[in-house]
Every structure is written in structure tokens, then in C-alpha cells.
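Going by the order they are written in, the chains are A, B, C and D; count residues from 1 in each one.
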């Protein structure tokens, strides 16, 4: 590891910054970046401290050394390391632009993830996945609820078995059941093709067209049990007009979806995201 | 009048553009701008034709000359004139930035309206209104439903008596009853301080903060009977972050509200807006 | 051909719209889209008329039928057809994201071009090109002016021999000589990684960083003889801050470059761009 | 004073954050916000620490207490206080929208400055200034260089005599001489009506039109001796098209100018801007 990132949150009180940064100095670490945020309304303090650890010190060492400070200041905290190259699964359905974009970024070293496999309820994504050298797993859903349950069970086992760090829903159009979503909370990122909370659910570009909005958007968020309600990591928007029919909105939204998803993955992988309730703090 | 604007809509069929522009040429008008839009999904055609009329011809003349063409092509149409300087009422409550901004634009010849009066359920807007030389009418609502009904009746009479062309709700925070809204449909513009359809109703900045969005917006729309559901004329957005608390969102939204409202007023006054169902065509 | 696009420009005078649209109606064509622009300052009129031609009529027929109208109205004009799938060459150097993005869009039917080959002064682009099934031609430049002239001659012959319709410079970092640029004027699109006219030439992200700008951009333009001076087709920008060093600007600019280049290619291929002097009219 | 803001910069080295925040904790201050930035390329460290000082302690006290720490860590630093309501002069010429906007924001408590006077080389701004209760000083320039020198001398004395903290050039169209600019470096903010470094100097909207750009911008910067070359505080942009002639660009740029200028004033007044060479660090 080259850097350690310490993410912490706690009730705001005097002395936290001095306490934490003093501790890093004391153990011989060198802070290369520190950002903090105080939520005055909720009385909460959040911080991300990135530092070069002294040589030969492991994360376990750091955790044990930090325990006293953390107890003293009543911190929730987590030590992460950089560079981080998470073992990642990508789920996709029939719209392949987000898949293609993520795989292209991985190939060009723009997004540092290791794609273990791509899984899909359709076979459409096979060609692109294999072209980029990724294993593709087809998990079809045949008619009937039993089969859907079986497919979900299959998917669940697949995710569990691979020691994954991250799951990306790159336009996976099936709602995942609670038993799959829950264990991955905070490590499963979805791209939704609207500016949430507008146009939850199916066909958001159709919904946007029917409402006559002049701006459309895309939203990347951690998946929670309630559809399209999880903590938002990144959003972006683009102006549209009456000239854009549903097909044009879909095409224009495509570029939003890929860039917003990439921004969210990058923020996650760089340990820049803290969750607080249903919101996120995303340090720059 | 220097220019005539002909706004029309009809079911799409061959020959409309040729028919309409041919008619303008035939009567000796000179087209200085023409824009059209075909909604292929709904099979509708929309056009705005701006032309210099032949000398000495009135709008009534034009309308009678055009009738045969319009019947032939089954057009819905409307002749408007430019420059247009609508007699305007502004309604406001306690947030005064939109009022101040509109009055400043009028003073600097940036928005061509004649403000007949400013009316408010609070007295806060008096100083600014009078500073800009506008009549201010305080229409307080005292406790009790009867008084609210009385205030609405008063407001309704006020709007009716003044031969107004346009009503601007510049952060007027009372929901208007159907009997006021209905006769002004298409001539009453509201600024809502969110990116509709997100965050309908009260406290949208609070709602936006609680949902943790990364972009906020403002929406100017024609007022319809259902709150915040009318046809959208203009929207704009700005990036925000976890650092923006409700007060910061409110402050940052302020600039969106003023510019979006001004854009919508300008589009309306220049006869660039056509309504179709709950959507608008806003020509550039 | 499904549609014909008639692009025209001329000195503004009464009767053009009626004349042109009347002609389309007369020959039995059905206008599905028409957009026009009058440049009042320069007294010029520009129009794009898209229509379904009567069955069995060729472009040559249309041209001969239109000649009288065009002479009468003194029009510069051009008939194009849709769908248009230009035979295209892509030139690239060592930054591969634009190449990868264009090829991915072609694969996903997002941009309708037929890539005949990818050529480069470096071998880096071979893997991606061949992965997408494109022929890759390595045109190295060895030391010495003679060799550069030879490489340019080679490139020139390559472009000439292939009956190409379009050349895309997807981050090709060599300045092309006049004898290559001139014959391709209006059919050679370059992506420049700055918001032109800021930061012409080499290392624009370094230049942007040194000037301390708060917004960076990308520009797609037709290539003319003067470096980075050709008519601009599309531009877009993104906010940056002091936190973005040159590497971060480069990474953030990447998404601008790909989307701006794609927008420009799409506008060109849909026959939506007219040039006037060093400016463009880009119809929506 | 409610808060103290400590702005500091120095060569980057270990222990600065711990040293500074530890010092605040030691004297009994409570940090309510801290932001830092490390410029790895230039090896520089920048920080803004906002804290509630212990009761009864003055800025002079703080400075003397801090001296040892500052010497130890070799810091450049500055203590500021909040709220800060700078004594401000506004210079303007004939375009009045920025003046009107700033005065309106002051009236609505959106920008905390005390306007001591408005000065202008034209009399146009008198009405608006006096309407908002501000003193207006007309400093005409008659023909001839001698008179221009006299006017500049007059202006210089005026700025010197008023114990001003801030000078805002709200579309003041005269280039100021070095002897006026120099003493105000870092406290004189100009709004330039282009996206600098594009279109330096006169008539930027005309320049933008002639170059055919698809985006225009506005730039607020500290004034330095070289025209339009000072450190940029804020920029923003808006999409334009071939439909926007110079008048339309001017009108659309107007909203950019007002919001960008207000953002820059607010950043300055909240002590969020640090200069480094010709760049700025603007903390959120």
C-alpha cells in the first residue's frame, strides 16, 4: 500500500481534527490530503484523512494503535488503502453502453477495477464482454415466479462466491430482492437513467418526455432496499427541448449515464464517499 | 406593430409549410423568421412564422385573409404582434429576489413588460416595489377560511379589472383556487424553486437536502389547476454538494430562480411558446 | 434513400421559404423537417429542408428539377441523402479514449459511420482498433524532415485512394500540411482538448492549469489550414477547481472530448451543419 | 467577531495540519470548518481554518500567540474575522446590470458589503445608485490625455481617502493605470464579459460571435497590471448557437456576469480566496 485513507464520522465536538491529525503525526505518518465536513444541522462531523504510513506498518497495526483515540473521541471509522483495485462484478441487461464504457475505461486505465465477470438476464452483452476479455455469465429468467426466484438464488451465490468488493449495475433492469441487496449495501452502485427523485422506476425517458421537462439527468447511487431510493453518489444533467422525442432523450441520456456512473465508481474506489442516513458526503 | 407572429398547430400533413409561407408571400409579407416542429409520435405540426406585414394592414385584416388557408389546412392559429409590452401584475410573498430582479430588468429594458401593480399577502415587498415606482397592494390573509376566501375574491377582482395580459407569480407562496387560475391559463407564469417534477409543494430546498441530491434546479411554468403540474416553459440547474445546507441551497437557488423566470417571461412575451397538452414547444 | 436533405444559403430576400417549400410541394415531396436561420447582420439566409422525395426520383433528377428555382433565387445549395453512412478514416496518436469511444459508438449503432481504417503515427492504437475489427495502419515518423514529408505523402495517398467521405482526427497530434487539409475542408473533423480559442496548440490542459481557469472545455471543428482555427461545430465545458492538477484536468477533459466529438460527427453525418466564413450553422 | 479565519500557505511538509489545529485546540478555539489543499506539483500547502476564538481574545492576541507556530512551520498567514462587511466602492461605466444586481443583493442581504459610493466616467449610473440610497460620483473624462490623467488622479485620491476594503469594477470600461491597480492588488475585483483567456480586451461578445463559439462565459478576477490577466476567482458559461447574434450574446451574457461577479464577491468577503502566483485557491 502506498497510502492509507481514514474515513471517520462522529458527533461534532471540539478537538477532533487536532486529535486525529495529531495521532497521524505521532505515529510518523505524513498527511497528503485531509478534507472534512461539519453538518451543523445534524451536529455531525465527517473526515477523510489520506496519509503515507510509516514503513512496515500494516492496517491491522494502525487499527490497534488508533483504537484509543477513536474511543476517546467516539468515532466511527474505517481504514482503507490505496491503490485499491476492487474485484468487481458487472450486471447488465440489454442496453450495453454503460457496460461498454466501463470496460473501455478499465482497458485504458481510467477506472481501476478488476472485472471478475459480467452477468446478465439476457445474452446481448456476451460479445462486448468477451471482446474485452471478460467472462460472461448468462442468467436467463424463464417465465414464472419460481424461475425468477431460482435466477436470483443463482445470482446471489455467484456474488457470494467470488470474494467481490464491488457490484456495478450497469443498466441491469431487474429489481433485486432484499436478500441480495442488503449484504451489498454501500458496495453496490446502480446507474438510474433519470435525475432522481424524478421519474423513479420504468421508462424514465418516456416519463420525462410526457412531463415536458427541459433538462434530463442521470443518477448513480448505492442500491438500497427501496427502488431508486438509495444514497446518491453522483448526478448530472443536460438541457433538452421539445425537439427531443423519447428516442433522442434516450440517446442524449446515454452520455450522461456513462459519465455519471464512471464518476461514482471512481469516487467509491478512491474511498471518497461517506454515507450518512440516506445522503452521501463525497469528498473531491 | 413592426412584426406579426403567427403561431399555429395542426395535425401533420403535407403542404402546410408551403401553404402558410406561400400565403405570407402572396399578401406581400416578408418572413424574417420561421421555425417549425413536428411531433412524429403524436402526429402534430407546430409553427411560428414571424413576418413584416404589408403596410396599412391590421391584425383583423390578416385574420380575415388567413381564414380560408386555415380552414383548408385545419389549423389552430393565433396572430400576435411585436413589440409586445404586456400589462402585467406581479404577485409575491416574502422572498423578494424574483420581484427585485424582474423590476430591475424592466428598468434596464431587459424584459419588456409594463408592471401595473405588485400584490402580496405580506407587506414586505412594498419598499422595493415603490422604489421602482410600482404601485403596491397589500392583500393580507387574516386567520380563518372566510378571510382567505375574501382575499382570493379581492385578488380575483383586482386581476379582472386591470385589462392585464400577464400575471407573474414571483414566489407567491399561496396556492391559488381554480376560479383564479382557470381564466389565466397560458398567461400566468409561476417560478417554482425546484427541478420539477422533483420536490413539488412546500420547502423544496429542504426536500432536496434531505434526499441528498447533487444538483438543484428551478422551474418556470404556466399555472394550471394542479399544483406545480402546469406546462414547463424553462428550467435550469446548478451543481451542489454535501457542503450546501438548506440555507446554502436556498441562496444558490436564488440565482436560478431569477434567471429561469426571466427566460420564461421573455419567451412568453416574444410569442415563442406554444402549449400542447401539458408540454410546451419553446422556439429559440 | 429514405429522405433528402436540401442545404442552402443565399443573400436574404423575400420569398425564399415560399419558393423552396412550394417547389418541394410541387414535385410531390413531403417536408418532415425544415429549419432556417437569418443572419441579419450579414444579410444571409440559411435553410435545411428534409423531405421524403416522390418515389423513383433520384438526387440527379432533383438537382435538375431544382435548377430553375435555385437560379431564380440565387441559391448556393446541396442535396444530401439520409440515411448516410460515410466511409470514414480515423487518425489517432497515443491518446486512445476518443478512438475507443467512437468505435464503441459505431458498434452500438450510436454513430452511423463505416470505419475503413485507423491510421496512426504510433502503434499504440492497434490493439483497440483490431479488437473492434478495424484495419490499423501504422505510419511512423522517423527522425528527419524528409521522413515526415514521406509519412505525410503516404497518408495523403491513403486518404485519396479509399473513396472516403469523412476523416476524423481523434487526438491525432501532428499538424497536417496544407496539401492534406485543403481537399478535405468541411469533411475533416478534429477534436481539440480546450475551449477554443483559449489554449491553441500543444498541452492545453497544462496551459489551462497555469492560467488558473475554473472551467475547461473541448472543441470539435472542421480542420482548416490554420491550426485550431477552423469552423467550430461543437463545444462543451466542465467546472474545475484548484484541486484539479494537470493530470486531473486531463482525465476530466477526456469525457468532454469524447462526447463533443461524437456530437460533431453526428451533426455532420445528419447533414445539419452549414459553414459560413469561419462560423457554422448547426441545426438541431 | 463571531469567527476567526486563518488563511495560510507554505511549502508542504509533514506536521502542518497537526501543528495548526493543535494550536487552535490549545488556545481553546473550536474549529468549525477547515479546508486544505496541497499543490503537489509546486510543493505548496494551503489552508483555511475557521474557528470560534475563546472569549475576550482579540485578533492581535491571536497573532502574537501564533507567531511561534508560524515561525516554526515557516507559514505565510493572515487572520481575518467574520462577519466581514467591507467598505466598498463600485466603479461602473454605461452598462448598469452588474451595478443594479450588486445593489439589489446588498439590499436583500444576499451580499454583505457596505457600498460607500459608486463612481463612474459617465452619469448613467446615477439614477440606480441614488434609488438604492448610494452616493454617486461622476468622474467624467473630457477629450485629451491630460484630462484622463486628471480623472485618474481624482479617482485615486477618492479610493485612498475612504478607508475602503474592497473595490468592485462592475463593468468599468476604462483600463486603470498601474498606480491605481497596484495598491489594491487582491482587493479589487473585476468582471470581464468573456471566458478568459478567450477574448481579452474590448467587445468580447463581438469577438465571440466572429469566432463562432458555441459557449460564452464571464470571468471575475482580481485586477493586476496586465489587462484581463489577473488571478481568476470565478467563471461560468452558457451554451449559445448560431441563432445568437451579438445583441443576443450580450443579453445572455448579462446573467452570467451578474452571478459570476456575485459569487466572486461572496468568496472574497468570506475569506475563502488564497492567491498563489497568478492562480487562486477558492475554498468552497
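Heads up, the rule we're going with is that a contact is a pair of C-beta atoms (placed from the backbone, for glycine too) under 8 Å apart; a residue touches a chain by one contact, two chains touch by 3 or more.
Keep in mind that what you see is a predicted model, and the values were worked out from it rather than measured.
In terms of residue-numbered contacts, A-C and B-D present the same interface, as over half of their contact pairs agree; the other options in A-B, A-D or B-D do not. Between the interfaces B-D and C-D, more contacting C-beta pairs are found at C-D.
Between the Cα centres of chain C and chain D there is a gap of 40 Å. Rounded to whole angstrom units, the spacing between the C-alpha centres of chain B and chain D is 36.
Multi-chain contact residues, meaning those touching two or more other chains, occur in chain B at positions 40, 241, 243. Only residues 14-15, 17-18, 21-22, 24-25, 30-36, 38, 40, 239 of chain A touch chain D when the two sit together in their complex.
Listed in rising order, the residues of chain B touching chain A in the complex are 37, 39-41, 195-199, 210-215, 217, 231-237, 241-243, 245-246, 278-282. Across the complex, chain B meets chain D through its residues 96-97, 100-101, 104, 107-108, 110, 128, 131-132, 241, 243, 251, 254-255, 259, 262, 284.
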